[in-house]
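Quick one: the structure is below, questions incoming.
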Amino acid sequence: MQVTEYKPKIVAFCCNWCSYAGADGAGSARLSYPEEVKIIRVPCSCRVNPMFILRAFQRGADGVIIAGCHPGDCHYTSGNYFTRRRMALLFSMLDYLGIERERTRVEWISAAEGAKFSKTMTEFCATVAALGENKRLEDLRCKK
Amino acid sequence: MEETLIPYAGIVTKITGQTPDVKTFRVEAPEGGKLFEHEPGQCAMLSVPGISEAMISITSSPTNKAFMEFSVKKCGCLTDWLHSMEEGQMITVRGPYGRPFPVHDELKGKNLIFVAGGIGLAPLRSVINFVRDNRADYGHVDIVYGSRSKDDLVNYDEIVGEWMHTPDFNVHLTIDREQEGWDGHVGFVPNYVKELDFKPENTCVLICGPPIMIKFTLPGLIELGFDKTQIFTTMELRMKCGIGKCGRCNIGNKYVCKDGPVFRFDQLDELPDEY
Amino acid sequence: MQKMMEKRALELLADGTVSRVLGWSAGEFPYDMTPAVFETAEELQDGFVYNDFCGANLSKYLIKESRKEGKILVFLKPCDTYSFNQLLAEHRIIRDNIYVIGIECYGKADVEKLKAMGLEGITGIYMKDGEYTVETVYGSQTVKAYEAMAERCLACKSKKHVVYDELIGEDGEVVTDCNRFDMVEQLEAMTPEQRFAFWRGELSRCIRCNACRNVCPACSCEQCVFDNPNSGVAQKAAVNSFEENMFHIIRAFHVAGRCTDCGECSRVCPQNIPLHLLNRKFIKDMNAFYGEYQAGEDPDKKPPLGTYTLGDREA
Amino acid sequence: MKKLSLAKLNDLFAAIAQREALYLPVDNGTGKAEYTKWQEGTVYSTALNTGRSAKDFFFPQTENLMEFKMEGKRIDVIDTREECEDFVIFGVRACDAASFDILDRVYLTDPVDTYYKNRRQHGTVVTMACGRPAETCFCGTFGIDAADPKGDVTCWTVEDGYVLRANTEKGEALLAAVDGLLTDTDDKAVQAAQEKTRAILAKLPLAALSTEGVGQGLTKELFDRPEWASLSEACLGCGTCTFVCPTCQCYDIRDFDTGHGIQRFRCWDSCMYSDFTKMAHGNPRVSQLERFRQRFMHKLVYFPDNNDGLFGCVGCGRCLARCPISMNIVKVMKTLAKGGNK
């Protein structure tokens, strides 16, 4: 019998100005990151509405990561500072509802940090893989 | 009868652009022919799964045995989707719903006046073509049809090409404003109806169009001597089930989907003014 | 209290200061008062009631009422004044059209608590010396007032009116030892599994009636995202556990930093879901992460989610 | 009539549960009872009524109607209906039992709603006569006898046990199946219990509430009454009254894209919601006044119009207890009756 290795589904919201380019950087530098990471490009990390995160979980994500510019480097001056506050509160709330804290993360990755992108995604995938499938925020209708 | 709310899937075999915002969709069963039979004035629930479901009147005549047609004006999420469709795509249809125009009894043997405005021609077209195919059963026919402009006249080709040549059919077209290339009547439907000076004897009026048109046409007809029992209209309200159970299309104690959509004006007078 | 309020309302109506009065009107029972607008002295004398069961926060009605012709008198309890201030800060109500009378409050009663004591068939409730005499078709019983006090009032955060044109009764102080975060802390101390089980148990009862949202003074959007067919999340029913969670998380998030903790959501929930515990979690976190902040206290202060500092903690 | 001794109640539940699913009111930990599936150890709650009404069994808050598979231009319609399993609801009060009659008149009249019919056919209703009605009760106003409820089987709590009476074939079958636990009895104990209940009912604050001023044929008289404005002014437009109501039966049909198909489901809807009648070109019920009026006109006039005078309310009192602003059908009826025949 063949046992297929469990691969989590990860949604990564990447800021157009930094982390998305960081992913490109990782590619050019031939640094790999797990194929289970699905990147969604957003104009700024603060574009990520809390609803997006919940919807990602609903549609089958096992982990959601938001990658934005380092504090101080936001293309729009302050977007990432708001992201930081919003997500701090949202993640704390998810934790409060008993949804594993490790399934959500915010990272600051600049366009030059291809290596950090690759490392962060690899690490995050491993963390989520260890938690297993998302059961607490799943929508059974979306499961096949 | 049992209702499952489960629709049939039908193929849209032909899409005809009628006006800038009205298209007519021809729907056939996958194995060919019609999905179901209907009476003139009845409606069907059209749906694109995942988008929405809406009640649309069947504009083709029941005497058409090959297919059904729906004329749809683009104005909401489902209709937007329908307008972006290609021929050959499927939609779902369930019905027929509602009470039809009384073509087999009250209207039989009568002279008929059809008064329509804009997309309001759609439900009446079903009756008009039914009458054409059963010409001997009805008297003299007048059709008053108005729209904003010549381009907004639905089924223009059919009106000019066929209706105008049907024996004892008088078609009176009108548009709201003067337009180049239009030598017909200009003016609003309510005034035109009065000008035409119809005689109420042995005659029934079928009226459908924007509420404002109906509102102003009605007193004109009364002035001409028509009684409310001679005037029929067809209503439209938000519907979900089509069978008088989901509870939203009622006017007073009548459900438009089940007790309507065709009402006689004296019946409407019994209902509260909430439509 | 009711006498004084009625008298003052009559005076203000008579001298033309206000043209309408927003208060509570009598019900079928001693405890079911309905918010109502009174336009004449007769209406006031006939129907105006104020007692320990007038729990409804009237401030949200002012969104609609303050846009009407003429000035309206409103009676606000201390906690209601916070909601009022918050609505003011958000430019949802027109201050010039409102005359606020702050009324003192020592906690409102919750008839559900009386009913939970087995008091069925209530025909009369009389307050005397800190006790309610409850008359029922099955006999009468005396209950200590604090035993019937609404849960939210037991953890009252402030007896101070943050806004008023005049006061009836005493103005109180902010209650610093209200212990309103006790239950939040208890939940935080649980394991994630226990917390998950707790919230599933609570939220699975939701019937998605939207009472929490519609009563909430902070939920003043003209169209809620959950009603907007273009939002992609518009929904009529909480079909499954995901949607139950999503509705309540998002609703709590949308009012985070604006919620004054008036407790109306929990009061009106027909399924007794402790919704305030979601809001209080946000309030507690914001206090801990970004410094003490009480929505509605000072309309000029920036709300925590409307500002930031360079050195904020990482998410 | 049959008798069950006090001690054997649990045996009765076990015997029923062995045949089919059994649901009964159980305390849910918030001081309220809700219908819960019986298993060994479940304790029957004698609370006057459940928080949610019993309509859920036949008209659940959400249910899947069908599925669609969409591929290219093709749509496949998949009927997902399944035959419902037999079940018993125990402890239904007179008001909720009467509400089934009202729901039947909507869903079992032509064209019959197959989803509803399926569950209705498989459900057996055991009612429990009321012993301690509350101040919010007014079922008597609509001719419902709390001391003698309908249902397939009626049950009375008497001093030393329970008395059961089968009213229908379904009920006979149920009692026959548990006959070993029952003994024959006369109706003396029942009459005593009924007398006691009726004496209390007469003392309730709403005992005198009458349907005068509302009912069949009064659309014209009531529709434009000015009182609707003040009655509806505090209404929040939430759906609490609708959703706790045992007779509210309006629904919405919605689609959900699962990512691998479309699920079409129906769910409860409320005429109190602003989008209930909203169309692309406008809304016939513009403000809360029209929506509020619709709900009460439907229960007090339109429904009786279409159902030989039967009111669309059973007086269970849930909306009285649950409305966030304490506006309810009783206040509406009294207000309309007061200014009547103007």
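Descriptive notes on the structure:
As written, the chain order gives the labels A, B, C and D, with residue 1 at the start of each chain.
As a working rule, contacts are C-beta pairs under 8 Å (C-beta built on N, C-alpha and C of every residue); 3 or more make two chains touch, one makes a residue touch a chain.
Treat the numbers as computed from the prediction; the structure is a model and nothing was measured.
The chain with its CA mean position farthest from that of subunit A is B. Spacing of subunit B relative to subunit C, judged by their CA centroids, is 51 angstrom. Once the centre of each chain is set as its mean CA position, subunit A and subunit C turn out to be 37 Å apart. With centres set at the average Cα position, the gap from subunit B to subunit D is 40 Å. If you average the Cα atoms of subunit C and of subunit D, the two centres end up 30 Å apart. Multi-chain contact residues of subunit D (touching two or more other chains) are listed as 252, 256, 269.
Those residues of subunit C in touch with two or more other chains are numbered 229, 239. Touching two or more other chains at once are residues 141 of subunit A. Here, these are the chain pairs in contact: A-C, A-D, B-D, C-D.
Residue ranges of subunit C in contact with subunit A, taken from their complex: 184, 187-188, 192-200, 225, 232-233, 239-240, 242-243, 245-246, 249-250, 252-253, 256, 278, 281-282, 285-286, 289-290, 304-305, 308-310, 312-315.
Residues 65-66, 68, 70, 73-77, 79, 81, 106-107, 110-115, 117, 219-220, 223-224, 249-253, 255, 257, 262, 264, 266, 269, 271, 276-281, 284-285, 290, 294, 297-298, 301-303, 305-306 of subunit D are the ones touching subunit B in the complex. Subunit C contributes residues 27-29, 32-37, 56, 61, 112, 115-116, 120-123, 136-138, 201, 205, 207-211, 213-215, 227, 229, 235-237, 239, 264, 267-268, 270-272 to its touches with subunit D in the complex. Across the complex, subunit D is touched by residues 1-9, 49-53, 75-76, 79, 86, 88-92, 236-238, 240-241, 243, 245-253, 270-272, 274-275 of subunit B. Residue ranges of subunit A in contact with subunit C, taken from their complex: 50-51, 54-55, 57-58, 71-72, 78, 81-101, 105-106, 136-141.
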